[in-house]
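Both of the next two complexes hold chain A, though its partner changes from chain B to chain C.
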Partner chain A sequence: MSCNTSVTRLCVSSVNEAQRAPVHLTPCEIEHNGPAQVSQYFTATTKNRKQEQTVSFRGRCLRGQELSCPQGYTGLVLKEINKPGSDQEDRTVKVSSVFDKLTYWNLETPPNSDDTVVMAMDWPELAEAIHGPVED
Partner chain B sequence: MDLSSFEADNSSSCRLASHIPEVCRTEDCCLGIDEAGRGPVLGPMVYGICFCPVSKKEDLKDLKVADSKTLTETERENLFQKLDEAKSYIGWALQILSPNTISTSMLQRTKYNLNALSHDTAIGLVQYALDSGVQLKEVFVDTVGPAEKYEEKLSQLFPGIEVTVRPKADSLFPVVSAASICAKVARDRVVKDWKFAEDLGEVDTDYGSGYPNDPKTKAWLLKYMDPVFGYPQFVRFSWSTAQTLMDSKAATVHWDDDDEETGEKAAQRQNNRSMLSYFSASAGGKDHNPTRKTHRFFTERRLKSLNTL
Partner chain C sequence: MATKKKRTPNAESDSWVVIAADSVIDTQKHDSDPAFVRLRNPATDEASLYLLGSGDVQLYEVKAFQEDFRSWFIGQAVQRDGKLLFVTPMDPLYLILPYLIKSGKEGKFQPVEQLVVDEEFPACSRLLSCTRSLASLHHVTEEKEVGGRKFHRYSEEKTMSWLKKKVERTVAALRMRNVCVGEGVTSATYVRVKPESDGREEDFLRYAHGLLSEYISEQLSKALLTHLGLPEPSSPKEAEPPSKKRKLSDKPVEAGEDYTKFNSADFARKPPKKMTTAQKSLAKVDKTGMKPMSSFFSPKVKAEKK
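The block that comes next holds the complex of A and B.
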């Protein structure tokens, strides 16, 4: 772990150039960093039934649903421009795409309100209540 | 045989059936069960039943049905035609188990193996015949597993029906041969004309027999591997042939129910900061203040503060 003497900079201007992109949160970790044929393999075989979506990935059944980012928030996909050689150097990331909703997938379990990522979206509202300015 | 309902969604399991002959509702009937496409790594497995009145057994024999494996494709198509022409006393039904159904069943969290899937499918088809009013008295089944246990299981499930389970039943009983022909004809047609749900453009259909040891099948599996997604749904992901190829040539995928990985290894990997690690309570770990425990609200949601990317 770095001892945090380095600074990570975000190129804010890149937000405006960033395209809106579909984002999927999968219940597995894929050891792959790079482009993938998502629309050809994944989107093309996804089935929609009411709120719930089903698809299979690597022969396993996934069930998912769309989830919006909390009000007032935008999701960012960040990409590091030049990977530094050591963890002491400053880092620069730019926004490669933005999203205001994502599809998250469970392995076989139907999506429900107890799913971690759904519950995680409670925080911004609660944070606002706790930390926000007090008005009267 | 109209396969359009399966082809409309070839990722699911689908039942196709002939009209039920009126005579099968009034006379004692015999029924044969067989399957096609158990071994191949490509395409569906098809279960078939065929039934006719016991009094018509000789007529069925006269159609010269034989074990589908000893026949050429043309001979099978011709025999199926004959069975279809005898629809006044012969009925059939098929259950097409898509390769995706096979993969997702066998790779389920609580594993559902191929034998269990096969038995349940066969039982479902017998039940279908009974529910349709067929007066079943004799059932003949071809088996690959231990015959006696299966016979006992079926006899218990269907009291009053004489169940005979035999290896190679498809060459012993014409009604089983007839079932095997129906199943094999359906499997061949589906495989030959597979509609890829994936957007792959023109797909080379020279995939051979679909058996793992067929060089054409092997070459096809190599050609159509995607590093991320592995294969189209036409392939049975649960077959070791497919898994071995993916292990060596495609990206490794980790699931939370993988059992070969130790917790320590998983934790190490998490430090590589996957998308998921942003929601993970255990990732990083060093920046936790040991004297202050994170509130359950955050751990339940796998939320943590990040001070580095």
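The block that comes next holds the complex of A and C.
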């Protein structure tokens, strides 16, 4: 059983060294973790038309849209450093990249306001209603 | 494709894409780092992941949004796990409340630091360091002051009116976001409404009650429903989701990953009316169009069992 006493420290000072990276949410699962020539084979071929972007990826037409992080929020990519051997030990994550907007891609369907990730961006506002202080 | 390609199991990721409140990374005020901690989830009674901000002054909820068949490109790298985590400020009182209720059964006034203790989750005492914790205890307890020391006793009556205010705030936010809550849409769903359709008050109340029920015990959730003057849903279809949800949220999470946990499922999105040939063939394997929306609004970020 995992240990409820271990904590994962978020090393905040790492934000200062974090790079801004373009972030794309693909409409497919890619069985890989690690380096890829994203700008050469993906970003380079995207086409911009007004709000919507298109790209051909593995012969499929992807339609994408850029989304900004909600106001007062920042996008962070957290990476674990010095992974411990057991789950009893405390862990540490650092901020490896920051972003203030991301591009999400649908397979053939044009991006629209009912897309999950679009609605997810509304969550902070709803959370504020649920968690904000109530008056006496 | 005649045969479906087998997927390799998703190994534990060591990287997470997060959208976090700016205050999380604000290093000006305190020198200590924020920490992800496991605390007892008030709705499931099991471990969930939360974040305590620098100096423990603010509690944050960690909520995962996930669809099937999604991955990330981050700079010049692929991250297979397409999950998106939100870290949003959370009211610590939701997590403190179960401890107050538990000791409230003894009927005694007690100092709060004696009430909020948990052998299984020692970090729970850190909740009392949150700025808002001590200041908001009076919403759910009766207070007595003796010799400069405060003593508390749980009050269900006060808790109900506190939760009702929470519901009212949430209803107001839902109205502002134009969230569709009415006519066959059950509480935990989430769809944008066309301007002409105007949800009934009861639908908004039920929806807000559903959202809040993610932060309170089932028993309290039922009591709140009565307090709001809402009858228990009568039709079996409506009555099903809460129990189903709770059952599903008890499931252990796959593949050694701390930050996931979703419950499911009151609502399936309608698939697009017209499908292209490609979409039709995809529909056989890709069930994302049918994925219940409520799963994206569940707070259960549960720690896995190893």
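In the analysis below, the second predicted complex is superposed on the first by the 128 of 136 C-alpha atoms of A that agree within 3 Å, B and C clash if a C-alpha of one lies under 4 Å from a C-alpha of the other, contacts with A are read in each partner's own complex, and residues count from 1 in each chain.
Everything below uses one rule, namely that a contact is a pair of C-beta atoms (placed from the backbone, for glycine too) under 8 Å apart; a residue touches a chain by one contact, two chains touch by 3 or more.
Remember, predicted model here, so these are calculated numbers, not experimental data.
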| item | value |
| --- | --- |
| Touched partner set for A:21, first chain B, second chain C, both or neither | second |
| Between chain B and chain C, more extensive residue contact with chain A | C |
| Contacts of A:5 with chain B and chain C, given as first, second, both or neither | second |
| First, second, both or neither for A:57, with chain B first and chain C second | first |
| Partner chain in contact with A:36 - chain B first, chain C second, else both or neither | both |
| Touched partner set for A:85, first chain B, second chain C, both or neither | neither |
| Touched partner set for A:96, first chain B, second chain C, both or neither | second |
| On chain A, the residue positions that both chain B and chain C contact, one per complex | 1-2, 4, 8, 25, 27-32, 36-37, 39, 42, 60, 78, 80, 93, 107-108, 116-117, 119-120, 122-123, 126 |
| Chain C - residues contacting chain A, complex | 7-8, 11, 13-22, 24-25, 27, 33-38, 47, 51, 54, 61, 63, 65, 67-80, 82, 84, 86, 88-91, 94, 120-123, 132, 136, 139, 162, 165-166, 169-170, 172-174, 177, 190-192, 211-212, 215, 258, 269, 272, 276, 278-279, 282, 291, 293, 296-297, 303-306 |
| Of all residues in chain A, those that touch chain C in their complex | 1-2, 4-13, 15, 19, 21-39, 42, 60, 69-70, 72-80, 83, 87, 93, 95-97, 107-109, 113-114, 116-117, 119-120, 122-135 |
| Contacting residues of chain A [partner chain B, same complex] | 1-2, 4, 8, 25, 27-32, 36-37, 39-42, 44-45, 47, 56-61, 78, 80, 91, 93, 107-108, 116-117, 119-120, 122-123, 126 |
| Residue ranges of chain B touching chain A (in the complex, touch as defined) | 11, 100, 103-104, 106-109, 197-200, 226-230, 232-233, 236-238, 242, 246, 251-257, 269, 274-276, 279, 284, 286-287, 297, 300-303, 307-309 |
